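Multiple structures follow.
Note that chain A is present in both complexes that follow, paired respectively with chain B and with chain C.
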Partner chain A sequence: MKELSLYILDVAQNSISAGATRLELTLTEDARGWLTVVIADNGCGMDPEFLSRVTDPFTTTRTTRKVGMGLALYLLAAQQTGGALYMDSAPGQGTTVTATFDRNHLDCPPLGDLAGTVALLIQGSPALSLRYRHTTPWGEAELSTEELKAVLGEEISLAEPEIFTWIQNNLSQQEAQLEGAAQSYEKPGRTQSHS
Partner chain B sequence: MTTVQDLVNRLNLTTFCLPDGGRGITGGCYCGDLLSWVMGRAPAGGIWLTIMSNVNVAAVAALTDLSCVILTEDVAPDAALLQKAQAQGVNLLGTPLSTYDCAVCLSRLLQAQA
Partner chain C sequence: MKSLEELRAIREKMKQQMDLRGPSEDHIRVVVGMATCGIAAGARPVLTAFLDEVEKRGLQNVTVSQTGCIGVCRLEPIVEVFVPGEEKVTYVKVKPQMVPVIVEQHLVNHSVVTDYTIGAAE
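Coming up: the complex of A and B.
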């Protein structure tokens, strides 16, 4: 996985496998280049014993093989930039996975296609209530399936190809604007101090 | 057929963990450090050259059924990797050579034996 969006897709798939009906994907960037990714669901959650060994690559709920690499690789990706991974979960209480990345670190993967990732998640689970937010000091991108459903009405499934395309295009535009705004944003530390 | 033990002898490799030295090399060689990438591409029965040294290396080796892993550039496994390699029966070796130089040596050796 060469892009963060692929890791996010992988971890979010765990939420869906855990029976989540609500999923919040929140990316928060600060002016110094730190990115915090929070993936929060209301799925079945994990007991403390499973939670304690969930980033071990030899832990998996899969029955076809004994290795599950999703969270193990996500942890590694965060650590390789000097960041960390935190997990909060309890049975029946859902799971929140928080990862931090230093985007200025050479080993930090690019964000990748976040719009495609969100569109794919919605198309794969059209009944899921998903809220995506990408917040930065230079602007924000946002999408909520609840708002989409309110506009479209209950009869139209979010899995329709036209909806998939609309979500992807809409979010791509928002993300492109964010990226453009980041270029012109004066980051502290990059500017010379005037004393 | 060339075995993992032959590689150790011929290339003077460090043996961090060698539970199955008699295993034959049946899948060529793969070089890479992005584990998720290697996971889908390393050939079963092959040799994997990497500079990564965390516990996930044992998982990738077990998942792809590699004949052995060679840590290049004098990299040593961390404690968790060594323990998992032993538990999972992964042949884990080391060399001071760079990944490229090690691959060149392996290529010569495997071609001579073919």
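Coming up: the complex of A and C.
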């Protein structure tokens, strides 16, 4: 996959398949270029045995075939930048997937269309309570479906195309502002590392 | 989060439209495969294009939704169109630029875009 936002969309779909009603997507960047992505849900969770082999491409819950590449690809993407993947899960306790990426690494994909990812997750599961937060030293972007539902009321679904467009535009603007702020942010000198 | 005012305006507009909607039996359903295979093949911009096009044309009788793996990963992105009373149509290797054509010809004018279907690809 060409964008981190596509990996995030893919892994977050697992949360929805796991019956989550709450999903928190948190991206935290630091001034040195490290990005931490936390995808936390209150879905059905995994038992230790399944958890131990979940990043194996031959582990899947899908019924159409025997391979499941989602987490396997995500793990690879993180490791290729020198980052790592951590998973915390227990049956009935939900799952938290944490991945770290070195955004300055040559093999780190661009963030890509985060607004599209979040907007489509909401469109696909309008009942889900989703909180998105992208925090950086130069600013923040955020969106919460609870706030949207408070405005829209019960009768208008977050799956409506008009609402999708609004969410996408709103977040795109926020992300573009972040991007702009990152350009002018005085980043501390990066220590040379040869590995 | 900004421009919640704008969202309020959308709500008012939509409430009025909802009263005008016909019975749900004639709702057309568009389903896009959004598993790993679909996403990797470019399903996200396709889904976005459908939602944008439906919104732009104000199609009240079309529901766009997402599903997991449809089962023919090599032909992703896959889009299924369900028109009540008609056979399901499966479009394969869909690109965003094909979406306005499918919306106009199939969803609006009820004429299947045969060239894009799984039958033409196989």
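Keep this in mind: the second predicted complex is superposed on the first by the 189 of 195 C-alpha atoms of A that agree within 3 Å, B and C clash if a C-alpha of one lies under 4 Å from a C-alpha of the other, contacts with A are read in each partner's own complex, and residues count from 1 in each chain.
By definition in this document, a residue touches a chain if its C-beta (ideal position, glycine included) is under 8 Å from a C-beta of that chain, and two chains touch if they have at least 3 such contacts.
No experiment lies behind these values; they were computed from the predicted model shown.
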Joint occupancy of chain A by chain B and chain C, clash or fit: fit
Partner chain(s) touched by A:116 [first = chain B, second = chain C, both, neither]: second
Partner chain in contact with A:166 - chain B first, chain C second, else both or neither: second
Chain B versus chain C as contact partner of A:124, first or second or both or neither: second
Which of chain B and chain C A:56 touches, first, second, both or neither: first
Touching partner for A:155 - first (chain B), second (chain C), both, neither: second
Chain B versus chain C, judged by how many residues of chain A each one touches: C
Contacts of A:69 with chain B and chain C, given as first, second, both or neither: both
Angle at the Cα centre of chain A, taken between the Cα centres of chain B and chain C once the superposition is applied, in steps of 10 degrees: 80
Which of chain B and chain C A:142 touches, first, second, both or neither: second
Three-chain overlay, closest Cα atoms of chain B and chain C, distance in Å: 5
Residues of chain A contacting chain B in one complex and chain C in the other: 1, 6, 65, 69, 73
Chain A - residues contacting chain B, complex: 1-2, 6, 56-58, 65-67, 69, 72-73, 76
In the complex with chain A, residue positions of chain C that touch it: 1-4, 6-8, 10-11, 13-15, 18, 34-37, 39-40, 44-45, 47-48, 51-52, 54-55, 63-66, 68-71, 73
Chain A-facing residues of chain B, complex: 34-37, 39, 54-56, 58-60, 62-63, 84, 88
Interfacial residue positions of chain A with respect to chain C in the complex: 1, 6, 9-10, 13, 17, 62, 64-65, 68-70, 73, 113, 116-117, 119-120, 123-124, 142-144, 147-148, 151-153, 155-156, 159-166, 168, 170, 173-174
